[in-house]
């Protein structure tokens, strides 16, 4: 470890020196900036995201780079703190002068960086969920994950298909849960679904039995929907099973990872959630255009890092690939040209979905890109 | 209605028992050295994480638990020896910052060694929930309560029946006098940190099956433990237990009956209210200012 | 003698002003100005907190709550209701002053760790309210804040200004503005410390009984300094919000309170210039450690712990002591 | 002459144990009045009760005819009460001079506005305060410490510094809690002279002291406490010949 430390120190000294005597650039790399929540409460997002970026920047460079120029990844860990994210974004656009930013693991960190990045006129592809990031559209801000509104729509649609009209909602008080709750409450009436119980938990809670008991005792509840991320939904799921509630149970895309299955164990049986096809690549029909992309990403990731792939890494994959695609289309790193190119991307097949960007839609994927998965025998199962 | 109440009550008591054990850890160290150890939560984390990782290496659960608790004890002694003892002349706030630094350091190492992911720990016994008066309870809750009660009893016996325990009590009352009668106060301080680490890690191990465990789980549990200790009255063992249970029950009741959004706010308001009327907590000693 | 004392007071201010003026020579890009501006604003906050913690000896683990109220009051009123920033910020400070006075009266009767606990609780409750009332505060994901402006003149780090015929970038303008704020904060703080009020405050720390028997109404002075430090936090919270353009409830959180008090203790309690150093160090450390990635947290904890163990009086007082020792040794050698 | 301090039926219990019980006495203005008694007799507790640090369980205390039971120490200071402590209460975070200036706290007319803006009126006030404090330090014999930090002073000097601080408030009555404890012969002699000088200014002095030679030499009247109760009260002559006192002191 001390060796690693020494190397790190050497690297630090080198970067500092490079910063001071700026100028000596030989190959003019394309600078991809990134700030991610690699540590802290959102590390389950930032960690696979960073791994994905590192791995694919390597791969692209091995294959000759983009426009004949190598990619250079400049990354900072914001630890989930919005102020830190804003400062690192400032460093990226003002000090490192990156060409494009792919990052922002959470909505909070993304939104804190947005005003600055907008002013600096640097293209920014966010990896966070909330609908506010791209609605209203901001010229320089794009995002790859489906919005939480889309997730809510997809879940409620599935409920409706099963004839459910009255539901209980339980959500976290963190940014993801809050925004998800608002979107669900907003979308529900449009889809003819009534939210009859609405409770929350704080991300640091270690037991949600009280909240679930409250939902269970609300008359008329036909299904329960948990909008949250991190380990809390796993606790909710286990408490749900413990209390023996036998209503249909839904989670959000915030927990769409194999890790979640391990945490909940048998308690997860029968629950459903919206997710990208990344979790069930082999169940996709061969006609599905995403099948090949998803399989390739999954096997590459698992081989390189020796750990299970998660949907969140997929967001970073799509972000990086969209950035590369846009730079290639623009034929340069001219920011306005790259921005325009991003807006014009149509039918790009990614891990998350098929992206159709436009000047009025900087997200490009809708509820239909979500697949509904159900847990059966401890495995994800695609519901057709 | 009654079933609901029982459900909330048991939920509160289970989590409250954890708070109580953390609060007891605070109390032990506070009594021996008047330091508030903000790294107390990290002992919980070490207990849980070390057990999980030892289980992963194939150790049987009892062995894993014993080893994990021992590890925490060693870290507790090291904390006293290398971080608190060299700074004994420092201000109260400075000591607080040192323990905060220590907690960040320990967490940083845990993150390197064990990674950032949440881990599952199996229940000590069956996974089947237990039904009681219409309420459903996790069998692990009984382990938490049982082990908690056992530890409290053991602690009481330790302080009243053993020479070591009496030495700690003597040191907490008057350090100089204790030194005069031949008690090695540095030893006693180390012992207090070790005991406190053992308590914390046991709490961490027993609740891990309910809450999962990760490198950063100690922050909030540690803070709640401090709250419970202050509520009960710093330095009072009974206070720590009552404070912990009360805090847990109030949280669960608020989440169940009032608003889960403001659960923590209600708990904190209760503390303010208690402190307004009882400036030394529920069971704090009423010391007279000596001038 | 009074004159020489006055000069000593002014010396510190002048040195600080000179540092603020020379620093731009070492800053090569807007990011550096960005950090320097934030450091100045946060430093001004802890200069206020230091009055409470360093001089009066009362520990607050909830000061970020007041910082948060200032920031959010300014943000909400200027963006949702189009209030002008300057009056809004002053009103926020007045409001925070009243809140601090109301909660301060009962909780400052508490001593030691109970006071820490109570301030922690107050800070937590404020943070929870900001987090939960998303309809007005934007909830955990935060909210954008308009630029600061006075009489229609907008101060934004992205604008261009001409000043005495010179072209000044917005970020530079903000830097000098924040520097001015810091100087003002230090000047006022020093006026308080070096006055009968300051003496009374310090006596509360030195010996509360002694203070009481010579007629100091300690309860009143504790409340007063609590209010003053809360007003500092509120004002700087408002400026911070306008400067960064986006705020989240994190700025009102317990973690942020801990960061603020750590700046005070690390820099040197009861040393106005020490705490400014503390603010700078703590604000820059994450930037320096950023390249260590997963080692960052461990190193941060280790640095914090070691500094406090080996320099329990804080960075600046320890440095001053060493310097003094060296100087006197030199003197002795010269004489010999 | 009316009594400056009048104590009637004073009781103070700590957890059921009476530290002071049924105590009545009065101190006339201009006197040097001493309280003596063995260790644990309740002398310091009595001082703490009179100066408002403790609230009595029962009983009355009048200062200048006004009932002052339950009054905060700072309110008593406003009424001319001043004191020193057996375990010295010096602000070690300040200079020696600042400690004495603190004593003039009630004599200063500063407010928040003049302080924040450091207006000339404040500066004038401070200068006067400083001059007065320097004078007082010289008066008690701490002249050489005017520039020092309190933490750099010797024990004996600190004892005198505390007296200077108590005098800075222009008190009517000053209570000295064992001022001679820990002092050597020369220092004690200087202290005796100082106490006489203070009394000569018309300030009433109440003294708790173990040094019998000192006490008998300067006191107008004495109060002897034993186990929180009054054993005897009178002139030094009366006390010296009181059989109860002799018995108590000789371990009868």
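Labels for the chains are A, B, C and D, by order of writing; each one numbers its residues from 1.
Everything that follows uses one rule, which is that a residue touches a chain if its C-beta (ideal position, glycine included) is under 8 Å from a C-beta of that chain, and two chains touch if they have at least 3 such contacts.
Given the structure is predicted, the values throughout are model-derived calculations rather than measurements.
When each chain is reduced to the average of its Cα atoms, D sits farthest from subunit B.
Of the two interfaces, C-D and A-B, the higher number of touching C-beta pairs belongs to C-D. Here the CA centre of subunit A is 72 Å from the CA centre of subunit D. Averaging C-alpha coordinates per chain places the centre of subunit C 41 Å away from that of subunit D. Averaging C-alpha coordinates per chain places the centre of subunit A 36 Å away from that of subunit B.
With each centre defined as the average position of its C-alpha atoms, the distance from subunit B to subunit D rounds to 47 Å.
Residues of subunit A in contact with two or more other chains: 39, 173. With touch defined as above, residues shared between interfaces to two or more other chains in subunit C number as follows: 132, 209, 294-297.
In subunit D, 53, 85, 89 are the positions where the chain touches two or more neighbouring chains simultaneously. For subunit A in complex with subunit B, the touching residues are 1, 39-41, 43-44, 47, 173, 199-202, 204, 206-207, 209-211, 213-214, 217, 230-231, 234-235, 242-244, 259, 262-263, 265-266. Interface residues of subunit B facing subunit A in the complex, by the touch rule stated above, are 4, 7-8, 11-12, 14-15, 18, 111-112, 116-118, 120, 127, 129, 136-138, 207, 210-212, 214, 216, 219-221, 252-253, 255-256, 260-261, 263-264. Within the complex formed with subunit C, the residues of subunit B that make contact are 30, 36, 83, 86-87, 89-94, 96-98, 100-109, 111-112, 223, 226-227, 230, 234, 261-262, 264-265, 268-269, 271-272, 275-276, 279-281, 289, 291.
Residues 51-53, 72-74, 76-78, 81-83, 85, 89-94, 98, 101-103, 105-106, 108, 110, 112, 115-118, 122-123, 125-127, 129-130, 165-166, 168-169 of subunit D touch subunit C in their complex. Subunit C makes touch with subunit A in their complex at residues 28-32, 34-35, 38, 131-132, 134, 139-142, 144, 157-158, 244-248, 250-251, 286-288, 290-297.
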